[in-house]
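The letters A, B, C and D name the chains in turn, as written, and every chain counts its residues from 1.
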Amino acid sequence: MKNSFGNSVQITLFGESHGAAIGAVLDGFAPGIEVNEAFIAAQMEKRQGIAEISTKRREKDAVRILSGVFNGKTTGAPITFYIENNDKKSHDYNEIRYMPRPSHADYTAHCKYHGFEDYRGGGHFSGRLTAPLVAAGAVAIKALEKKGIFLGTHILECATLRDKPFGDYGRELAYLQSAALPVLNPAVGEQIKQVIAKASEVGDSVGGILETAVIGMPAGVGEPFFDSLESALSHAMFSIPAVKGVEFGMGFEIAKYLGSKVNDEWRMEADKPVTTTNHNGGINGGISNGMPILFRTAVKPTPSIFKDQKTINLATGENAVIKIKGRHDPAIIHRARVVQDSLTALVLCDMLALRYGTDYLAK
Amino acid sequence: MKNSFGNSVQITLFGESHGAAIGAVLDGFAPGIEVNEAFIAAQMEKRQGIAEISTKRREKDAVRILSGVFNGKTTGAPITFYIENNDKKSHDYNEIRYMPRPSHADYTAHCKYHGFEDYRGGGHFSGRLTAPLVAAGAVAIKALEKKGIFLGTHILECATLRDKPFGDYGRELAYLQSAALPVLNPAVGEQIKQVIAKASEVGDSVGGILETAVIGMPAGVGEPFFDSLESALSHAMFSIPAVKGVEFGMGFEIAKYLGSKVNDEWRMEADKPVTTTNHNGGINGGISNGMPILFRTAVKPTPSIFKDQKTINLATGENAVIKIKGRHDPAIIHRARVVQDSLTALVLCDMLALRYGTDYLAK
Amino acid sequence: MKNSFGNSVQITLFGESHGAAIGAVLDGFAPGIEVNEAFIAAQMEKRQGIAEISTKRREKDAVRILSGVFNGKTTGAPITFYIENNDKKSHDYNEIRYMPRPSHADYTAHCKYHGFEDYRGGGHFSGRLTAPLVAAGAVAIKALEKKGIFLGTHILECATLRDKPFGDYGRELAYLQSAALPVLNPAVGEQIKQVIAKASEVGDSVGGILETAVIGMPAGVGEPFFDSLESALSHAMFSIPAVKGVEFGMGFEIAKYLGSKVNDEWRMEADKPVTTTNHNGGINGGISNGMPILFRTAVKPTPSIFKDQKTINLATGENAVIKIKGRHDPAIIHRARVVQDSLTALVLCDMLALRYGTDYLAK
Amino acid sequence: MKNSFGNSVQITLFGESHGAAIGAVLDGFAPGIEVNEAFIAAQMEKRQGIAEISTKRREKDAVRILSGVFNGKTTGAPITFYIENNDKKSHDYNEIRYMPRPSHADYTAHCKYHGFEDYRGGGHFSGRLTAPLVAAGAVAIKALEKKGIFLGTHILECATLRDKPFGDYGRELAYLQSAALPVLNPAVGEQIKQVIAKASEVGDSVGGILETAVIGMPAGVGEPFFDSLESALSHAMFSIPAVKGVEFGMGFEIAKYLGSKVNDEWRMEADKPVTTTNHNGGINGGISNGMPILFRTAVKPTPSIFKDQKTINLATGENAVIKIKGRHDPAIIHRARVVQDSLTALVLCDMLALRYGTDYLAK
């Protein structure tokens, strides 16, 4: 499937960082869903991040919808999101053509594509490829909202800083949709900005942990064994450049406890089964149990830093030192969160359509 | 795909814990690969775990190969692994028919299948379903070894205990293949046994963290964007019952550091590019970089414990208390490691076949 | 996908003609569907064909269901159909090991699998592999009937004989389900038996054309562009060994006419849109239009004949003459029709589940 | 998969007849393949057909490649072909908005998409969608040629006229690549033009039979059971709008003969196994046997004719009469042949990559 993902609802991605355009094709999506262009633009804006702590490459990223929308609504045919690449500075890459940047895809792309890869700005492996995902995700997010399903992502950790955990989901998810910096504790947000700014000043970068919550998912969605909700969500999350870990509910922490401490007991609450705790993050046996879905991703510090780094010269086979130029983010967590939201929404739309049919979201 | 996984090499799983039989179909596998039945039996034995700290349900799990093997070698046609269920005690489940066990798939299966699911012993959601995966994985592991690719898994953490990390991969992976308890530090192994035995005594359970390493993978394997090695491996790992987290290289820890501290610098070593550190776990941009592939999974404590737990009665809609009977594992980490090895091998065979053709392993 | 087929509902096939067993895994099928074992047995019996004009290899083909059925109903988990191979005479094949039978898969399997293929009785390429498809199809056919969807296949042509076309679908489809020889004109049926018997006497074989009709399909099922109903059905039909052509509605005949003669005009009939003619076989733009779905397959004469045939010796690279022994069918059309019904039902279940959700058939 | 097709090499299609643009994404294609833009343009030109017997809608169909090509060669990343829709006359469709054109997808699209479909010019179901397939196919055709695999399609039948069959493949396939009207007998070509022109004069349309040949395919390509070459090719062919039949080798004709008359006997020819006849069209058991692959499609007469036709009004539920306006083809066979070539090439590239790895075409 490579650059495609999904079963009933499938997303296909194309483009390179410094090519003519990037885009995505969203196929199998329900007909009759209103396409909110203002919301798409707002999501694209969120993906740009806060100017003061983001790359100086700030494309307008105007999304043009080429197909699949008619009279403002989805038609059921493939929806194509098209974004031109305007603000390119490819000359920055010519002199490091044969020097793989540490922790980037440069070397592995070279091995896989025998040197034919478009190396400029990371080519097809650039984080820029997430822009069309955000456009497609915006349509998915709005469709889910109509069904009472809401989601959002905050920066749980950045360097050694830690935001407060989700508590009052409904309110917090609504807040995150409009927050420029996605943190639940504003004081921590200020500190995060400072940490990022400080790393930027010295040509370095920081990473973090993103936490996503979904509320309103009906119980019984997800497929047995290989297509569990956890498998599908992690599959999608690990496609986000820089994600190195995915965990659900308590995640890795759960390994330290006795079963009796972390099992999620059931009880009836107003005729509805609920669990008293949610250590499993809303998923049992790979299937949604009606509780909030909760997961976290580990985002590594942006590998593009401005310090001297050791590398090799693929043309000469000798050791070398690389000094990356160009415009790079000192952190991507505040930008990646909207990508995480988008992929989450796309996975949920797929799983819901698989379970309830392709018209489900339209009903 | 539900109960199937893979592109060029695909595994399909079937069966229920207390049904007639369980099994798997391995399709697209290269022809001419020797099938080592003794190794399959040894892997099945490893999956049984150490008797003193495992469930009393200990089926012989004799694997019968129904198809795809002729004169001791794979034919290229689907290989079917068949295991009869002999040692069943289904009556243990009748009285808890309508009481979902906390942190099990009982409630979610009920929602998804409207009560038609085979509830006995977890039915299709039972950890028992991993047995045929181990049989299929045994064939894959041996095929990879012929290509110089070796892998293995150890218990990195159990409760608060911690094994030593991988150091000398070649020797340690060979050791793990034959070790009854997969730990690199024998002293920690003894403590782990005690911790599990102690939990068992009080009807409780423990979890842990499993760490897998793969050496010998050629650089350049993995697909861009959605079918990264990380996506494929995590997709497979999250299908193992009880896995709640997957991380590669430094994983979640990497989020705390500056880029300059964790980027993996390149250097030439005897004409071969290597990285000085391996914080990315052998994968850049979703593609293997030639360094050891390294990842960890979080395994939650077995949810079947013998203490009273609060739950609901789905038949009456009232709160209830469940006391699980039957034979259950106080821990599955020492058993799950061979499942993790098996799925890892299957994913790598698939990715290699996708890249180099279905005959690659046969060459 | 190789030995798997389908999206929401997927069938996976395994086994060889002279191996231990053959079988199929049906995944994604709705829960709560009654499994009628008597009907499965009846379909298996139909696949055996009429004794006097069929191969002397007549296995009882007792179908054992290994998984996915509980208390007589589907559970939603994979359903596994298992059939042992009992009546094998493999020695017939040893002496022609290196002599590819004309128009069989012997040579191509040899090229693809480098001589590791199980060559006995056609191995994985044997028509025997269609037996588990019939078992799975029986479950699908009964599920469709509950939704008012009925289907059946008759021998439209055999050698130069021609059955009458479908006229009164409801009655004729019911008749075909119980007919030993599937023809609408009994007189033609007798002639067909004679033609087959005559070919058998002289060690030769005949082919024919099978025509399938489906009534009761809702309009609006099928997917745009690549997953049209026609694409999905033909994909499945061409997997039946010996099928060399598939056509819908008027099929190849339509090419001779002017558009004005063959366009299917619409009219209202009791508040329901219907077409006055059905030259398109119930499918427009790849999507069902509510009219009967009608298609035909061309089945070549069984390639196993008992006359001397020229071939080569793959071991020596020399020309050779082969005289096939063993037990072979002088015709398979009367047996293949139930395979065609079965695959048709599986494709329709998949397309309906894709459109209306995996529970659709259960409702 | 809906608007995507293929395993290792996948094509995804998007767009509507009167939307902003149409296009295709070709994923998994080998890196390092030269992209011949002149050949793409020539193929697009061929798809336009001969002016005198084609629709008056003649877009320039300039293909813009948005991604996946760098320095004139494929990179291995998705290749995106983008074609703007310029020459649209949508007002022609407003007055027939609720009147489904006979034998078109109008009614079925309406059922499937609940009226949200873009109905203008057939929307996503328009033959115009085949334009980007031709662009993608052009890249595939050139890549195959480098491996010694050549293909082409001629009009075998049109109305009651019949071209001569393939004889001298190499020469004839080369000729067809450059022929404006793809027939092997020029005299028949002239007659075909007249038949089409005559139908056009009276507002009617004609269909025909297209025959495709492929030479140079290695033996052993194709997958067992469900992914036979025949299944894959027919799946693709039936996605071409207006195709109602697909047959291989002798096709439907083979049903009339005794096995002894149509079995393809083997013999050695200069150390290479060949068959004396090719009634199976180069495919045995779904796998290429090294002989020319030969198949035919039945193309129905263009359903858009200018005569009065009976239909219904979906808005009022009453019978109606439709008179189609706009610009329509009196025949598409001479245009569709390049679509058939293109899809054939894409299927073969996929099957070759599946068998020999994604780099195969690059070697």
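Methods note: a residue touches a chain if its C-beta (ideal position, glycine included) is under 8 Å from a C-beta of that chain, and two chains touch if they have at least 3 such contacts.
Computed from a predicted structure; not experimentally measured.
Student: Identify the chains in contact with chain C as well as chain D, in label order.
Tutor: Where chain C and chain D share a partner, that partner set is A, B.
Student: To reach chain C from chain B by way of touching chains, what is the minimum number of steps?
Tutor: 1
Student: Please flag the chain sitting at the greatest distance from chain D, going by CA centroids.
Tutor: B
Student: Centre to centre, by mean C-alpha position, how many angstrom separate chain A and chain D?
Tutor: Averaging C-alpha atoms per chain gives centres 38 Å apart.
Student: Between chain A and chain B, tell me the centre distance in angstrom, where each centre is the average of that chain's C-alpha atoms.
Tutor: 26
Student: Could you put a whole-Å number on the gap between the CA centroids of chain B and chain D?
Tutor: Chain centroid spacing, chain B to chain D, equals 45 Å.
Student: Which positions in chain B touch two or more other chains at once?
Tutor: In chain B, the residues touching two or more other chains are 1-4, 7, 13, 28, 76-77, 112, 124, 223-224, 355, 359.
Student: Give the list of chain C residues in touch with chain B in this complex.
Tutor: Touching chain B from chain C are residues 1-4, 10, 12-16, 19-23, 25, 27-28, 31-32, 64-68, 70, 73-80, 82, 112-114, 116-118, 123-124, 359, 362.
Student: Okay, in this complex, where on chain A does chain C touch?
Tutor: 7-8, 28, 76-77, 223-224, 353-360
Student: Once bound in the complex, which stretches of chain D touch chain C?
Tutor: Touch residues, chain D against chain C: 1-5, 7, 13, 100, 102-109, 111-112, 124-125, 129, 157-160, 199, 204-209, 218-228, 230-232, 234-236, 238-239, 241, 243-260, 262-268, 271, 273, 275-276, 279-281, 283-290, 296, 298-305, 307, 309-312, 314, 317-319, 355.
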